[in-house]
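What follows is a pair of complexes built around chain A, which joins chain B in one and chain C in the other.
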Partner chain A sequence: MGLEVTDVSKHYGDVPALNRVSLKVEKGEFFTILGPSGCGKTTLLKIIAGLELCDSGRISIGGEIVTKIPANKRNVNTVFQNYALFPHLSVYENIAFGLRSRKFNRDIIEERVGKALEMLQLTHTSERYPAQLSGGQQQRVALARALVNEPAILLLDEPMSALDARLRSQVQVELRNLQRRLGKTFIMVTHDQDEALTVSDRIAVMNLATIVQIGTPTEIYERPKNKFVANFIGDANMFEATRTGDSGLITEYGTLETSLPIPWQEGAVVIRPENIRLHDSNPGFNTLPLKVRDSIYRGDHQEIWFEENNLKAKTTNHTLYRPGTEVWLEFLKDALVPLNEEE
Partner chain B sequence: MKKPGLLLVISSVGILLFLYLPLMAVAFFSVNSSKYGLVWKEFSFKWYVRMIQDPYILNAALNTLILAVISTAVATTLGTALAIGMENFPWGKRLKSFLDSILHLPVITPDIILAAALVVVFMFLRKLMSIFEPGLLTMTIGHITFQIAFVALVVRSRIASIGHNVEAAARDLYANNVYLLWHVTLPLLMPGIIAGAMLAFTLSLDDFVISFFTSGPKSVTLPLLIYASVRRGITPEIHALSTVILLLTVILVFTFERLTRIQNRAKNNPAKGRK
Partner chain C sequence: MKKNKRTIWRGELTTTGKLARRGWLFMSPGFFWICFFLAIPCLVLVLVSFCQREAYGGIDFTFTGENYSRLMGFGGLLGWTPDYIMILGRSLLTAAITTFFCVILSYPIAFFIGSRQGNSKYVWLTLLIIPFWTNLVIRTYAWFLVLAPEMPPARFAAWLGLIDHGAALYPGTFAVYLGMVSTFLPFMALPLYASVEAMDWSLVQAAQDLYSRRTRVFRCAILPQTYPGLSIGIVLTFIPCMGMFVVPDMLGGAKYMLMGNLIQQQFGVSRDWPFGAAISFFLMTITLVALIIIRKKGLKHL
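After this line comes the complex of A and B, so read on.
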């Protein structure tokens, strides 16, 4: 067992930051906590790190209960947002900090820091100071500074937020590879859904101090549980529906069929824009003719909006869809997802 | 570049003269060998030589230095502790902002009021213990009372520029309180602490009001000596002495400025944690 969070709550004054949050992270897993700002995700990370203590609930790491143990006695290290490197210490001294503060013997410190420098390609920068490093190098120092302590769990608080967009996608892949190579448990907090989908084994989506859904990136993207998840991750067409029979849905687009279980009589369904296929003539099943309102060329795909209902489709067709053209839309049956009732 | 208007030039020069002419006059007469009047005779350092041979002046200089060094050392320690303590203040926002505002009080209180208050306090304390007879001790305590606030304010602004993230990182990396203070907090605050100490030192060096009210017959400092001498008629030695004090203050103020600038540059350091 890597980490177990049970029923953890935290309030700042009257404002709840976490409301009975529970989750389990397996050893060696890359787990991401994803949510908008102010949803409590950073608070949860701080509580796992021991930098804040929860009001109620239980935290256990590797089977040991650590709820009341402060950060400097937990076998967990953090890569902070904006890295929080020590500006008065060199790269070497930054990385050695956690070993020196525990009075490790000099030889061990030298060996382990040397290895960490090498692993993150920082050897040539060891004498420099944080202000003299690029953003990517600073991030690697922050990683090395945490990993050199061989923590049971590595926590990452928005580790990409200070990098520019181009570097970000490259670093995401590197981070993922590093985690695989080390086989260590990584828990990352982010508000960036692309990042979460790219790196994670599993994702916990948070909103308003609670966890809304936990699942693999595929589950989260393809089977969102509610409106919040569907909207927060990726694009979504959402509309009301009434159930008819076992798999029929009466909607404003006519009666559609889904192959997924429908848990209600009246509720909402969601379909991703790429799961609406476009045809010139009626293919015959789960279809609807609509007029094109607007289309946007995106290079590898195009986005098409349809009149009246703001329905959006994505296609890799190279057909030019002019506004006013009538197109047949096909709603893929196994991608039409009935959402759970909103709370 | 546009040529500055005549009016602007005249007014600028006028203001600068207004500010610096008196000081320049003092420096000017300190190297004039004529003892009386405003007549220039010849260039000479003899008043400086005579100044450093005058036992009263030397004694006052020594007193000033002892007073400034001790009060600055104590005030810097206490002021830094106060600033760190207030930053990590755990007892609620209201009490914290209250403390914040009373911290500014010694800065804006007129010296004369503080001095009068100290006289009353020492009068009371004297009844309990004889060490509170007016003298260097009471003066030192007096100086510390107003220095603490200045040190604390300078150090606090430095703390604010560092942010909390670095401290959290140190805790995350197994630092206990002592290790954190010694290896992270104090080194990062050092420019602020030094700047605060220099400010306090300068304030003590040229303080007259508090010193005047708390001094005893044997604890004459340079400002007090100058005051006493001026009442008897200004001598060129006093000019020399004033010039020396002025130069010292200028050097201190310049160093203070520089340190503050270093501090501001650290503020723009991209590696700094921010929340």
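After this line comes the complex of A and C, so read on.
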């Protein structure tokens, strides 16, 4: 067992930052906590790191309860949001910091720091100071400084936020590969859904101090549990529906059928834009004829809006859909997701 | 190169010559101030320090190095004496100890004020500055009252057996340090507070996260970040301390002789201006060297 968080709550004054949060992270998993700013995700990370204490609940790491153990005695290390590198120490000394705190002997420090420098391709920068490094290099120093201590869990607090967009997507892949190679438990906090989908084995979506849904990227994206998750991750067409029979839904777009279980009599359903297929003629099932209102050409796909409603579709069809074109929309049966009711 | 080149400076079309003239104009008040109130008096001081004292306290303008050799203890009636060197040593020690206590007390004060929210921060800052509104002599007299025999501190000390019953806590070393530290505390606490306000707390968290105990967190994450304020505080405390004469004179009962008192004495009762000038110049030199050292060390930290 990597990490177990049970019923953890935290308040700042009257403001709840975490409200009975529970989750389990397996050893060797890349786990992401995803949510908008102010949802409590960073607080949760700080509590796991031991930099803050929770009001109630329990934290256990590797089967050992650490709820009241301070950060300097937990076998967990953090990559901070702006890296928090010590500006007056060289790259080498920054990386050696944790080992020196724990009074390792000089040979071990030299060997381990050397390995960490090599692993993150920092060997040539070891004598430089953080201010002399690029953003990407600083991030690698922060990673090396944490990983050199061989923590049971590595925590990453918005590790990409200080990088520019182009570098970010490249670093995401590198980070994922690094985690796979080391087989270590990584827990990352982010507000960027693309980032979460790219790197994670599993994602916990947070909102308003609670965890809304935990699942693999596919589950989170394709089977969102409620409106918040559906809206926060990716694009979503959402509309009200009334159940008819076992799998029928009466909606403003006519009666549609879903292959997913419907847990209510009246509720909301969601369908991703790419799961609305466009056809020139009626394919016969779960369909609706509409006129194109507007379309945007994005190179590898087109985004299309229709007259008289707010539906949005994405297509990789080669036809160019100009305003006024008449098309048949097909709602894919296994992608029409009935949402759980909001509490 | 053309002397009067046309150029644009902050959106204004002008010439380099005009800019240079304007620069001189803006510089002149500060320049004259430093000239007339710093450079020239210092020069006079150095000049006087190489002169002789007239029988009735005037200045005899004949060159001599006697004042400096006397300061080093030579030329007395009984041969070499360490008196003045001891006074210098005592001054350095007093200044160092005062500065040390100011540092020890200022860190908690700076962090306390730094952690206050909203308006209470300004209330505490004002409380720290309020003593400056009163004259130093009056503040020092106030200590007489606080340390008087019938007041609780003296009674408590007597009860502990540290002093006789009915005795005051002044004059004495304790009273001198109390007076000195209370005088200079704001000079240390204020710059330190400014540094604490600008601190990046994520570095403190990083140090904790990397297995540091409290002392290491302080040494590696807090001290380097507060060093700018600390070094200014040390300069503002240590240097005036070296020249301080009011507090040691009053609370030390005129027995606690420091460089400041010695200088005051030469210009006052002893009427030996050349010797006073020599001591002053010597003190200034030491201070300057100390300043350079602090600056050098400070730059290394930043």
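Here is the rule we go by: the second predicted complex is superposed on the first by the 343 of 343 C-alpha atoms of A that agree within 3 Å, B and C clash if a C-alpha of one lies under 4 Å from a C-alpha of the other, contacts with A are read in each partner's own complex, and residues count from 1 in each chain.
One rule holds for everything that comes next: a contact is a pair of C-beta atoms (placed from the backbone, for glycine too) under 8 Å apart; a residue touches a chain by one contact, two chains touch by 3 or more.
Computed from a prediction, not measured in an experiment: that's the story for all the values here.
When both complexes are overlaid on chain A, chain B and chain C end up clashing with each other.
In the overlay built on the shared chain, the residue A:Ser101 is in contact with chain B and with chain C. Within the superposed three-chain model, A:Arg145 lies in touch with chain B and with chain C [touch as defined at top].
Legend: residue contacts after superposition of the two complexes on their common chain; A:Arg181 is shown touching neither chain B nor chain C.
In the superposition on chain A, A:Leu133 makes contact with chain B only, while chain C stays out of contact range.
Of the two partner chains, both chain B and chain C are touched by A:Asn77.
Judged by the touch definition given at the top, the superposed model places A:Arg166 against neither chain B nor chain C. Once the two complexes are laid over each other on the shared chain, residue contacts for A:His318 go to neither chain B nor chain C. By the document's definition of touching, both partners, chain B and chain C, reach A:Phe86. Overlap of the chain B and chain C contact sets on chain A: residues 49-51, 70-73, 76-78, 80-82, 84-88, 97-98, 101-102, 145-146, 149. Taken in their complex, chain B has these residues touching chain A: 165-166, 168-176, 179, 183-184, 187-188, 266, 269-275. If you check the complex, the residues on chain A that touch chain C are 46, 49-51, 70-73, 76-78, 80-82, 84-89, 97-98, 101-102, 145-146, 149.
Across the interface of their complex, chain A is touched by residues 200, 202-203, 205-213, 216, 220-221, 224, 301-302 of chain C. Residue ranges of chain A in contact with chain B, taken from their complex: 49-51, 70-73, 76-78, 80-88, 97-98, 101-102, 129-131, 133, 135, 138, 145-146, 149.
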